[in-house]
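Here the chain labels run A, B, C and D in written order, and each chain numbers its own residues starting at 1.
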Amino acid sequence: MDLSILWYLVPSVIMTACGVYGFITRKNLIAMLVSLELILNSADLNFVIFNRFLFPGSMEGMVFTLFAVALAAAETAIAIAIIINIYRSVGDSDIHKVNKMKF
Amino acid sequence: MFENILIWFVVIPVIMMIGLGLCRNSGMKAIRAVMVVGSTALLALSVVLCCDFLRLRGMGVDDEMLFTGSWLWYAPLNIHLAVGVDGISVLMLLLSSVIVFAGTFASWKINPLPKNFFLWYCLLSTGVYGFFISIDIFTMFMFYEVALIPMYLLIGVWGTGRKEYSAMKLTLMLMGGSAFLMLGLLGIYWHSAPEGGVPTWNILEIAHNSAIDPSWQNLLFCCTFVGFGVLGAMFPFHTWSPDGHACAPTAVSMLHAGVLMKLGGYGCFRIAIYLLPAAANELAWIFIILTGISIVYGAFSACVQTDLKYINAYSSVSHCGMVLFAILMLNTTAMTGAILQMLSHGLMTALFFALIGMIYGRTHTRDIRQMGGLMKIMPYLGVCYMIAGFASLGLPGLSGFVAEMTIFFGSFQNSDLFHRVFVITATCSIVITAVYILRVVGKLLLGPVQDKHHLELTDATWFERLATVTLIVCIAGIGCFPNWINETIQHSFVPIINAIQGAI
Amino acid sequence: MDSVGNIIVYFIAAIAIAVFSVLTVTSRRILRSATYLLFVLLSTAVIYFQLGYQFLGAVQIAVYAGGIMVLFVFAIVLTHKPNDRSGVLDTHRRIVGLVASGLGTVLLLFALFYMPLPHDASLAECLTSGREITMQQIGEAFTGSGRLQYLLPFEAISVLLLACIIGGVTIARKR
Amino acid sequence: MEITLPILILAIPVCMFLLLGIGGVYMPRKVAGVLGILGMGTTMTLAYIVAFTYFFSGNPEFIIDGVRQQFQVFDVTWLAFTERLVVNLGFILDPISAMMLIVITTISFMVHLYSWGYMEHEPGFQRYYAFLSLFSFSMLGLVVATNIFQMYIFWELVGVSSYLLIGFFYKLPSAVSASKKAFIVTRFADLGFLIGILLLSFYTDTFNFISMTSNPEAVLSSTGGATFMGASVLTWAMVLIYVGGMGKSAMMPLHIWLPDAMEGPTPVSALIHAATMVVAGVYLVARMFPVYCVVDDSLTFVTVVGAITAFYAAVVACAQIDIKRVLAFSTISQIAFMMVSLGCAYDQPVEGVHYSGLGYMAGMFHLFTHAMFKALLFLGAGALIHAVHSNDYTKMGGLRKYMPITHWTFLIGCLAIAGIWPFAGFFSKDEMLAAMFSRHWFWGAWMTMVAGLTAFYMFRLYYLIFWWEENPDYKHHKPHDAPWQMSLPLIILAAVSCVAGFIPFGEFVTWNGEPYHIHIELPVAATSLIVAICAIGLATVMYRQRNEWPTRVKNMCPGLWMAAHRRFYWDEIYMFITHKIIFGGICTAIAWFDRHVIDGMMNAFAWVTQKVSYSIRGMQSGQVQAYVVWYFLGAALLAAVTWICLL
């Protein structure tokens, strides 16, 4: 039995689907962020998989993933800072209660 | 660039704006000084231009446009800042200067935010002047839009009554018109050159090339004519006019009805008819019907209004309808009449609005049912109002008569039954005009005094007198000695008429 | 033909990813869902290792599982309220989420199976045909400015991270 | 001829208008009055000099072989419509314009003088004189017009002067509405005039009177036989031009403004609404006479309208209470007389007719004499109103003892208008009736009857004012004759009315300039004289002293009396048409349509846009989760579309 590219892509698809589902259904901001991480992670995984299976001679996919991980860290840091700030001023981290700045 | 006299028509208002910017917000004296100096300079400039123009024509300089100049602005689209004037533009510039001058004095005590008011006012006049000096249709359109935008703020901030609604309505309807216009202008641009040539925005070149395919012309003509027609208050796109004028502050009404509505008529013949003559010959009948309706319809509507400004706005619909109507007759005499009517209507409507503003400033009402016998209380304003009324109903010796008669006699040169019927319908408006003018004069100025409080009101102040006298002198001047204006205009129409004749 | 060990490791990792992903988004307690996320990330790291990217796997564990998860846990604890009902989902949202993610999945799977991908290439072949990525290569790629070298993005990311740290502190500090 | 005098004739009044109009506020009234009178006096002198030069100098410019010529003193371009259609302002001298110069300046001067006394205590005295000057200028400009467009220009100007003067007492609502009515009715008529000019000038390519009248056949042929609704275009043009004349001259059915115009100061009525402006229509027909003759239908139209109006106005005049209204209807009737006379004239010799142009000459003669004695009557009425402070004859009666000058001059006026020898009216009326009989016996008989009615109602008025029964109020407030400024014009005009009939008018004014020797047509004269005397006798019986006859006659046919008194309900008909139909029906409907349908459409457009954007706005909720849903739905949609396309 061969472990072809499809085998590896399937968990990635599942991760994306779960991330999307979570992002849509969750009310808590942090939970949404968690779902977001799932999606991001599946994208990272895809980069690496494609690098390995389609262009085994090069390392661009991996480099991209490295950058993406760094960016994810940055993004999470800022997002969490904002969430904490919102929590302080609104007293809740429910996304439906954070609509003061909408209009 | 600055050696060209025409550029100064745009530069001076900009300098005025800078000057105003340097004034303090409440420094009424400095603001007035800037405005008076600036508008006098503009007036002087127009007079100088006019004399210079006549001198050159007298010397036998026979170019279509004089004082031309062209500076590249945006090469990829071949846009230039191209300027040049013929007799009609010169007269329009003169008219604008007179009205800007009078408007300055009519808004002598504008409140609140005088500085900002005059800033927008100057921007508005920049647009108007720029429109009249341009011979590049892109810059023309740009200046047209520049003139349009300040209206929104001027009405919305300094207006009276339902000002937000009216400002919005006016701006949106005119913007809708300019959407059509933009379409038409772009179409003209892309078809302006013969096969393989570089498209151009320059009016003279487009007219010279006459490369626009007749089937395209029809579409473009409708777009441009409707676009300008909206500004010219053509039925059924006129409803911005009553509301907009009713709510606008005095000087803005003056400038808007006096000059800005003329942009419509001017654009109609300068762009729609001159550049698209074949379509003009073919489609004029549609718009003759619409403008014919405008004339009678506006007059009838004016008969039952009770708000002074509404009466005047509807009468503007009628009179501006006459302008477009005459332009569509496509012969020299009628089109000359149209220009005379533009001048005449500009001056007398400005006078009307100035007077209405002055009366409103005193009585705080514009409802003619609540006023009466004002002639006794403020004889100067009353007499001026009567003069404006007589000019409007076409009394010989004042400008309205000359304009209307030239239009009627010119229009009557078209000898088929269709034109005849509409000309005779249009002539009926002189009676209806008399009805509503005399109705207002009777209710407003004559008869017993309705409101005891009005007895304490005062007559015109010196700046109000200056504003009105300027306008009245111009009205009477055109009315008594029309021939030199007439000749100037007729000469300027030669190329346009040739284009129309050539396209039949 | 891949070795049985590889296949077993793959299946463990894949099943872990699938199960913990689902648990991450369905768990009612946020702290738990964050923990499940940690397992997903670790499983991903396993796959990275298996694919021959040891450095990346290490980074994944260090930065993601180590750094980011700590941030999450802190944030959750800071914003935690007793009797939090935000984990309770209503049916309507659930259906919408299912439809959207289902549609997305269908699209992705559709793309997966219709794309002209080299199905026949096995992991072993790819591992042997590809060269080993050494730390030196990675270091050169990050510090050079030539073709396929990433000094500028690297620096940009560094500045970005610094900015994020400062921004995070500024935003989250008490007023 | 020098152009200085003619220019001055026009320039002095207009300068006087500007001077008094702008500077009048700063002048004492005496100064303004004296200035006005002096200005008009100078104008009158100059006009006399010009007219006498024209008639008597024998200069070949004016008369060649005994035929008077039309001479344009000057004719300058004012506005060029096209290369050929050019509006000039000029000054024409020919028999009728010279005659009109005399009439206008004389009456105007008399009125200026008279007003000094009459208007002495009115506010706005300076303004009054300014308006009078404006009117004089416009009227003079009208009669000396060299072309029909110049005439139209001044036609409008006299209309406005008339508007201003009728509404002089602008605080009275009745004066305001009367002035408005006068202006609008005449304006409506002017519309006809304008369309007539449009038609005529389109075909002839000229406005000039001389080029039109010198060759009327060419005018006809220039239309190329074009017809409209069965009548030739030229007929239409001439009828429409005549409609303009009907408006100014108050012919049926456009007569309704003239009785109301009596709201103006009485001297104004004398000047404008009796002597000068209202005869502009007659003057217009006379001016265009040769062209009218080419299209006989239009001349018949003139005659028929005139005959109906003359009879109608005479009947109504018998049932009026207001003395100025009686005089107003009398004016309408007399002008109609002139119209009929013009309509009965020929422009070429006709078999069996002694002198074909008699109607024209007689009409002009009557215009002249009528101006004099009607001005006299109005000024006399003014003196009465000045004394009694009422227009109503029931407030008068037995005034002959108190106001002898007014009484005698008024009597002369009445005798003149009734056509009693040797007063002016006898001669002109005799010539007119002779001309009518020569056209058709019916017109002669009809107009003789109207002449009888004229004598009757004038003497009814005379007796009711000066005889009948003394008003008891006189004991408290004794009426007296007017001051000299007012009496002098009365006396002068009375004298003129006595002798004007002996002027050999035919020597001066005929349609083609050839002199004609007036002689009395004995049968016609005798008939009309007898009819007039009978009518006067009847009036004497009925009204000399208070008796029951008038009431009895009234009660015999109360409906007729009431109808005549209410002027056969013309005003009500007009009120109905203008207020109910035009204002209430058309204008209100259009205004409503504009606000609700046209503007409603625009607002509906805005409303729909707003509603649509409100409903779309929900999508832009700001909720990221919703966006994600939309994103996936959109991606799915795109994929589906792509798939369908690829299949």
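In this text, a residue touches a chain if its C-beta (ideal position, glycine included) is under 8 Å from a C-beta of that chain, and two chains touch if they have at least 3 such contacts.
Keep in mind the model is a prediction, meaning the values are calculated, not measured.
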Between C-D and A-C, the pair with more C-beta contacts
A-C
Would you mind pulling out the distance in Å between where the CA atoms of chain A average out and where those of chain C do?
7
Centroid from C-alpha atoms only, then distance chain A to chain B, rounded to Å. What do you get?
62
Centroid spacing, where centroids are CA-atom means, of chain B and chain C in whole angstrom
68
Cα centroid separation between chain C and chain D, in whole Å?
102
Quick one: which residues in chain D touch 2 or more of the other chains?
628-629, 632
Send over the residues of chain A in touch with two or more other chains.
20, 24-25
Touching pairs of chains, all of them, please.
A-C, A-D, B-D, C-D
Sites on chain C touched by chain A in the complex
1-2, 6-7, 10, 13-14, 17-18, 21-22, 24-25, 30, 33-34, 37, 40-41, 44, 47-48, 51-53, 55-56, 59-60, 63-64, 67-68, 71-72, 74-76, 78-79, 81, 84, 86-87, 89, 93-94, 96-98, 100-102, 104-105, 108-109, 112-113, 117-123, 126-127, 129-131, 133, 137-138, 141-142, 148, 150, 153, 157, 160-161, 164-165, 167-169, 171-172, 174
Considering the complex alone, what residue numbers of chain C touch chain D?
96-97, 99-101, 103-104, 106-107, 110
Using the touch definition from the top, list the residues of chain D that touch chain B in their complex.
25, 77-82, 85, 149, 153-154, 156-157, 160, 163, 167, 170-173, 176-177, 180, 183-184, 187-188, 190-191, 194-195, 198-199, 201-202, 582-583, 586-588, 590-591, 594, 598-599, 601-602, 606
Sort out for me which residues of chain D touch chain C in the complex.
628-629, 632-633, 635-636, 639
In their complex, what parts of chain D are in touch with chain A?
621-625, 628-629, 632
